[in-house]
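For clarity, chains are labelled A, B and C in written order, and residue numbers in each chain start from 1.
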């Protein structure tokens, strides 16, 4: 693997998941890959799981890691071409990405959608700029349109817990007090379909995902109907793509509850975390035996480690 | 040792101090203990000595370390049970502690008393929540009620410098412009009494420590009288426990001065740092040959390293 | 080398540059030097290149590194002697420097000029305080008056790209929206002259460097005239030394342009980064084949690594 920006960079998805499951069994056997190599983690936004699981993955691989919180520790970055830089942005991405990429063997970046301008977010300005100017392989730790490390961790988790070959997976929108990016939902939808599972997406009208992410998934506006027979319920809030970045609904009836879970085929409950308890999901569901939120989070280590392994192998 | 929240987790105090003194002589001999293991340091508050000495202790043990500044780098945490999470707190401690504890072999936490609500601080909400939800051993890097790593460092220092078996140790309150937690004073009092030294605590009325910390120490409201015959003077400001979090006095007459030190048995001066010079203690005292503030700070490495060693040995 | 505060700490400059060029060829051969040793990087100001290249240099040397962002992570520091510390500064540099220096084998510090008080900046209060109170060797990662790690990286770069023994080097002031320190210009001027290259400094009147830095360089107020026959153009903004910290000019005619570069001897363009594009320098120049800004930035690794190697060898 050269870089990891989205599922498009994955050549063989079943092989990738298989590799992850193997790595999880013996996480320290690839330490030679990290020898005399180093990675930079660049955060333009807060992070807990991604920050820590990425460092843990690097520890497992013997890979040295430097962490940069742009904004609090570095300089504000300019992304526009040809601009006269007399604002508060002290450094152009051309230099920043080129320099960082000359220091490290791998560069991982988190840059959330700002939800102000759909084109800017969906053009993946930050990630594409790094791809263009950074000579080292880059890894997407959540970008304007996707969060593929999360989707890979989710896929590993489903593979560990599915009891049928092609489980029915339901991605359900849930309410949230803040406007959130579509990144997690987009990637989950793309990866689940790429894995050829049966995917139903349920949400209030107006929350349709971008076409490329929605793909051929069934869209069902009736949440209870969507839950029927589900093997996995994946809850996530996102803001509207059509009315970009807007909160169209805060309807508490969309919260995932114990009662709704009864409609499913004893489904496992999933969420990428952090989660708003009793807003997105009832305590009774997330605290139940069927909750997979912790295994998902743990698999973030192996998701990152697998991507790093495949990138380091190609250096 | 399973976890290290307070002196209650110490089985054999003399053996612990002896272990620390041995480790200090040969700090790199336990590197095998850290092999393929890692620690997370979680800071909810600022830190200099704790942050750096903990990393140094980990270096000495070959233990990989990730540092998380919650707030600036992570998410605001919710600690209350059953709450509808529609505030600015994006993640519940249940998930945060469980996830971090699934990534690392040891988790160390700093969470100062907020001095707003005595029950909240003295119930040790943060530390107890981590203990409850974090599957990995946890270490207290200063909590609502105690700072046991500091107390262990102080005890190591006293053992290195005492000239009699049972020295007279005086813990004296001193003025300070800000309201400070009782944590350092509480732990010092408990550990010095556990070590069976002769402890006198002196402070203005209203600054009595919580009963569990005060124990059987002599309380003397006349500072000069308390200093008489002392072998060690430990200065520290704290806010009132009875009138919780309040500053009852800023009386500069409680500053530790050269003249007062003359009342002692050529006592050594101690403070945990950071210290307000010429507010808590005169320059002439902290800069004198009898000052132990730097040896105390250096012993923070061996205090943390000893606790880590004992925890790693039990993994 | 004991410490590295300025060029005054360099015994043999040609040997230092030669060492750097050797290290660059085989960056991992000195890993034994870092064994069981550690460094602390202390930042009082933002940093990208310095932060990351220093960590990379340490990785190459097998040296463990802890990073401290004073202010956001630690305590505000007091530098004045004898003061009653009842302000917002919680810790005196005497303790902070002594403690950090007792934890680590090397301590590197970044403390920009504040541009408020010339004496304070040019007395190097922060760096001199560390030198005085820190028992470990210290490294200047940019101080009130100089940025010697940058100057060494620049010198390495010039040595790699010069085609004549004594190239004509031009340091040109350039406009900038913010008042910047003189540190980079000061050090560049001193190091280029120490290397016995032919140095011309060009700037509007009022921007003369401090005498010690200006040395015997030619000063030419006509930028175009200065550019004639130049082999290297080094652009940098700085605020006035005479009218301390003031912006005396924002004249866009001082920007380095393609047309002006035509006056040179096909000169290479240099800048320490971060750079304001189309304010300090035109896109056409920084993006040209003659631009050395990225090689300069890469050489920051070897500049730091060479200084660290020479310090570690003397421990």
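The rule is short, and it goes like this: contacts are C-beta pairs under 8 Å (C-beta built on N, C-alpha and C of every residue); 3 or more make two chains touch, one makes a residue touch a chain.
All of these numbers come straight from a predicted model, not from anything done at the bench.
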item	value
Equivalent-chain rotation between subunit B and subunit A, CA atoms, steps of 5 degrees	120
Same-site or different-site touching of subunit B by its copy subunit C, using the half cut	different
Averaged-CA centre spacing for the pair subunit C and subunit B, given as whole angstrom	39
For subunit B, residues contacting two or more additional chains	72
Residue numbers on subunit B that touch subunit C, as the complex places them	28, 43, 46-49, 51-53, 55-56, 59-60, 69, 72, 177, 273-279, 283, 287, 293-294, 297-298, 301
Subunit C to subunit B touching residues, read off their complex	36, 38, 40, 64, 66, 68, 72-75, 78, 82-87, 90-92, 94-96, 98-100, 102-104
